[in-house]
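Both complexes below contain chain A, partnered by chain B and then by chain C.
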Partner chain A sequence: MKNKTRHDSPLCLALKGLRQNRLAMIACGVLLMLYLGAIFAGFLSPYSYRDEDRNFSYCPPTPVRIFDGQGRLRWPFVYGREMSFDAQHKRIYEIKEQERYPLRLFVRGEPYRILGLVPCSRHLFGVDSPGRIYLWGSDSRGRDLFSRILYGARISLSIGLLGVMISFSIGLLVGGIAGFYGGRIDNILMRVCEMFMMVPGFYLLLALRSVVPPDFNSVQVYFSIVVILSFIGWAGLARIIRGMCLSLRQREFVLAARAMGLSDLEVIVKHILPHTVSYSIIAIMLSIPGYILAESALSLIGLGIQDPFASWGNLLSEAMGIVQITFAPWILLPGMFILVTVMCFNILGDALRDWLDPTLKMERQS
Partner chain B sequence: MNMLLEIKNLNVTWGQGSRAARILDDVSLAVQEGEIMALVGGSGSGKTTTGLAILRLMAPELIMTAGQVIFKGTDLARIQESSLRDIRGKEISMVFQEPLNAFNPVLTVGVQISEVLKVHTRIPSRRTLARVLELLDLVGIPDPARVAGEYPHRLSGGMRQRAMIAQAIAAEPQLVIADEPTSNIDVTLQARILELFRDLRQKLGLSILLITHDLGVVGHLTDRVAVMSGGRIVERGMTAQVLRDPQHAYTQKLLEALKD
Partner chain C sequence: MFRYCLKRLLISIPLLLGMALLTFLLMQKTTGSFYDQLKMDPLISPETIDRYIRLYQLDKPLLTQFLLWVRNLFRLEFGYSFYYNVPVVKIIAGRLGNTFILSFASFLLTWLVAIPLGICAALHRNRMIDRVIQMLSYVGLSTPSFLSAMLLLYLASRTGLLPLGGMHSARYEDMTALGRFLDLLRHLAIPAAALSIRSVGALQRIMRGNMLETLRQQYVLTARAKGLPESRVVYVHALRNAINPLITLLGYEFSALLSGAALVEIICNWPGLGTLMLTAVRSKDIYLVMASFMMGGVLFLVGNLFADILLARLDPRIRYEK
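The block that comes next holds the complex of A and B.
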């Protein structure tokens, strides 16, 4: 077994594969943008997530213009608007051409903290009040959907990562222990896993959510949702990791590690689990969308993140009536974000599988 | 000379009850301080099992039904698993037949050697690397810095075995159990690995239990020899004498095979 090629770590392999797969590159770029958007939501959004103006309920997106009424080129601006109701009690927004609000960069606005640390009150763009800029329209209370989607991304995108982190730690450890010891321990742990897998996920989700006290504040709700989601997710992984460990523990390096005086836990964590890295990376990528969707589903039916806090799921819950969708179709936008994010993670996961899974590689070469 | 390790009437079976198969049958063995003791036997004779039984590392299906493994006054067959861990690698370490399998393929050689240091010594972590390089140098690896950063499969067989030995002596154990350390290495390198063992014995005052099927190796290196067959020790004595005048039929056959 002479190796001519350099030994590559899974990470190197993944990056190399990524460069050759354009679709995965795009997915990666989109995700990067979304995460950056979520991290710098405070700066990028013109308003805070709870800044409302009842005079602009369901205001349609305000286009940023560069030509005024006379066709003259101007610094980008938005027109003022006025809401009224027509005979059918339908909202109509009239553009007031005489009111022009030029777009201002780095304006002072509501204070926020960069990365949760540095206090700051500059926003990337905004207009002078009483004008309001709604790039993607507003919701029933006149809150800016663009800002709320950015703030919502914080919750929706982080819940996937955090949930995966917790459930994978549990799954790897339980699977590792079950596979390493085998016998009775294995039997008990696997039966527990199966009990979790037996109950349909969404009902388990609802049941667990109902256990959480209703008077939790938003942070507590957020973390309880993360915990609930990871509580459901670990079982499937544990079973697969257990299968891998069952064969790995027969290998001589496990014996050698024990002969060095390592404890069982050290052997599992340092010597056995690293062998499951390729699989785990793929599984992580492919299971993040599940967490994002589950959080969205919970929030959509009102059991997740509570108003005024935004997540993509509870933003969508505004779009549950046919009237709202007909008259204010822009409130479906958060759904697009969920769709795109989930798609990107899936594409990335598939690409990673192509590049990390040795069995697939064998097929490709033959 | 003091007795370092004494195995007394070791019995190991595969399975329990009436259908149990005997793997080791009343094996008794002693290793004295500073000596190289050979345990010779054909495949399936139980010599590897004996080596593993000393540190209670046998496969879980194998059961030690009777016997003592006395190491410096304590019976390793009776003590707690946690106190046994302090002996594994620290007082008694093992060198395996095929270092390609015995090293973890996803960790670099340096990391795996430093692991022993972390578990068993109080060397501060910033000094660990230096100590690893020192050890690799001690076992005659020419470019320690490079080798420490390599994955096991990137090294040649001889290098791997040297690295394995470096790992085994990292925590300065008193006894090294070497299970067929040279059988997967070509003949020219074999002699140098054996020389290395002899060197290390002198430098570090090691005792070595050499498990092998090769009587040729035994003649060169060892002080005393025990011959195993079918789970029993059939002959034992000073190496020179056993080789010159074998008593048991099995030993005679082994010697004849060597002459051919």
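The block that comes next holds the complex of A and C.
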């Protein structure tokens, strides 16, 4: 009985809607895997992000084999490899059939911390040195791309969430205040918004990034990028929230709340903004890709996350030269991860919009 | 309408100046300047550097410097580039032209591909071909332009069909006019396609939606009922009305392209505004940064204004004045 009269919260509705959309469920699953991969990067990756071996520069992916040279079935292993240069100074990797490195599970390797707390040195898989396993190839310094993509996911995936959180707090607050008070405050705030929206995003990004001192350490750079991205992103949202608030502030429940003596800020945060939640959820989903892309773009041109730290954009910056793309196409892999992540967020956002926004849905059906 | 445009333009002036002040302070307040790098060079005497700093009035207080810059702005002088040692206008003009060529090409490509795709998808709604197009445009929509540029470059390097970056071949000077044009087209192909992939996905979806909606209208039914051939119904009666709202997107799209082209320019080595901005920001060439920043802003504004005017022209329901 109780359940029947209960009103579902927008989040609840969203989850219900998602369950009916197969594509969105797949996207959800993929994202979950990516985020889990990022969280447990230390355990899943055979090497740390800065573990390099210059003898294996641009080593192509090493396939894991189960048949040896004589065609006998073996425990999965990889062959040893040796690098040499041909007449055109092109790297060639020769497989040494006599060197076999069996795949070992739960091997001891470089120490790391699970969830940043529990120290541990076991890795899911690995091979005995001097052999090295490069599932997805290696970069110019012989660092394992698979490990670096996992570690890079930490930065690339978290920057979207953090950035969205900051810019949405600003956007909601500014939009709420402008819409609630109207008049001159509204006018000034909206002009400021326009100023931010008017300037081409990428140029603004460049200009702002030039502000960050070059001697920042990586954590500081990371946070300054988050701040820069949210600094650019809040204006569009603020305008839309303001429009919603303008109509909401005339409603009875707002009057009631004010009559009860709540402060203006309390009315805005507790009574008006909750009404914009379903729109905000959609907007959040659809704007996360923007943050991921912007971070990648910055790191790609060398203004974002710096080596040896990895982010997907930073990893992709090795692919800036045509020579590298031609001879080591596997360094484009981080780009594929960006693509898949962006696509998943887009699919999720679309599915949520279909579900939460009944007007759009009716338009589609009619 | 004229008054509305005037008002929009007048409002944008303080906005632009505010943005410029912000950029200026940000660039100046941070550690290091262009001349710090030169000071390390033993070949350049400190006196020379001092002379330049005085020449460009970099020793004055910040606000004075900015006001000087604004004053010069109204005299249509945009300052000197420290790096190239010529007026910034000269550098930007050339680069802007290149960015314009690239944006225009990609714009043309987007529309030529997206519109037929959208129509095709709408006519075969929910059939195999529609599904394939929708899936592809989802992928296209999610592909960042820098990734498509890299993938296309990889393909080009594998097949050897297209030049890998740059704008002209080495033998450009010896070519005939037609040869030059073809050479430019060949160089344009990769960056333009890379820029288009994303917008084709978006535009195709809008076109499909519009077309589906128009096909449901009563006048389409009338046209069919009076026995017009299907091709005439679709391409004359429905298409015209479906494409109308899209035209208003034109201006917005173009201004977005101008700023979106920067990354692809950098990857494909296209000598445009984006590449210029990047080097200018890196070397702290303040006036060059400010001027290209202003240029980008103005173009963006004009594009948006143009779009709004077009919108009002085409749609009588929209009025900007009371």
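Quick note on the criterion: the second predicted complex is superposed on the first by the 354 of 366 C-alpha atoms of A that agree within 3 Å, B and C clash if a C-alpha of one lies under 4 Å from a C-alpha of the other, contacts with A are read in each partner's own complex, and residues count from 1 in each chain.
Here is the rule we use: a residue touches a chain if its C-beta (ideal position, glycine included) is under 8 Å from a C-beta of that chain, and two chains touch if they have at least 3 such contacts.
On a predicted model such as this, the values are computed, not experimentally measured, just so you know.
In the superposed pair of complexes, A:Ile322 makes contact with chain C only, with no contact to chain B.
Contacts of A:Pro119 after superposition: neither chain B nor chain C is touched.
After overlaying the two complexes on the shared chain, residue contacts for A:His271 are found with chain B alone; chain C is out of touch. By the document's definition of touching, of the two partners only chain C reaches A:Met195; chain B does not. Once the two complexes are overlaid on the shared chain, A:Pro63 sits clear of chain B and of chain C alike. Of the two partner chains, chain C is the only one touched by A:Ser296; chain B is not.
In the superposed model, A:Gly261 lies in contact with chain B only, and not with chain C.
Using the contact criterion defined above for the overlaid structures, shared-chain residue A:Gly71 touches neither chain B nor chain C, since it reaches no partner.
The partner of chain A that touches more of its residues, comparing chain B with chain C, is C. When both complexes are aligned on chain A by C-alpha atoms, no chain A residue touches chain B in the first and chain C in the second. Interface of chain B with chain A (complex): residues 52, 55, 57, 60, 82, 85-90, 93-94, 96, 98, 101-107, 115-116, 119-120, 151, 153-154, 167.
Per the touch definition, chain A reaches chain B in the complex via residues 1, 3, 7, 182-183, 251-253, 255-263, 266, 270-271, 274-275, 277.
Residues 191, 194-195, 198-203, 206-215, 289, 293, 296-297, 300-301, 316, 319-320, 322, 325-326, 329, 332, 335-336, 338-339, 342-343, 346-347, 366 of chain A are the ones that touch chain C when the two sit in their complex.
Within the complex formed with chain A, the chain C residues making contact are 11-12, 15-16, 18-19, 23, 26-27, 29-32, 138-139, 141-144, 146-147, 150-151, 153-154, 157-158, 164-165, 216, 258-260, 262-263, 266-267, 274, 277-278, 281-282, 284, 289, 292-293, 296-297, 300-301, 304.
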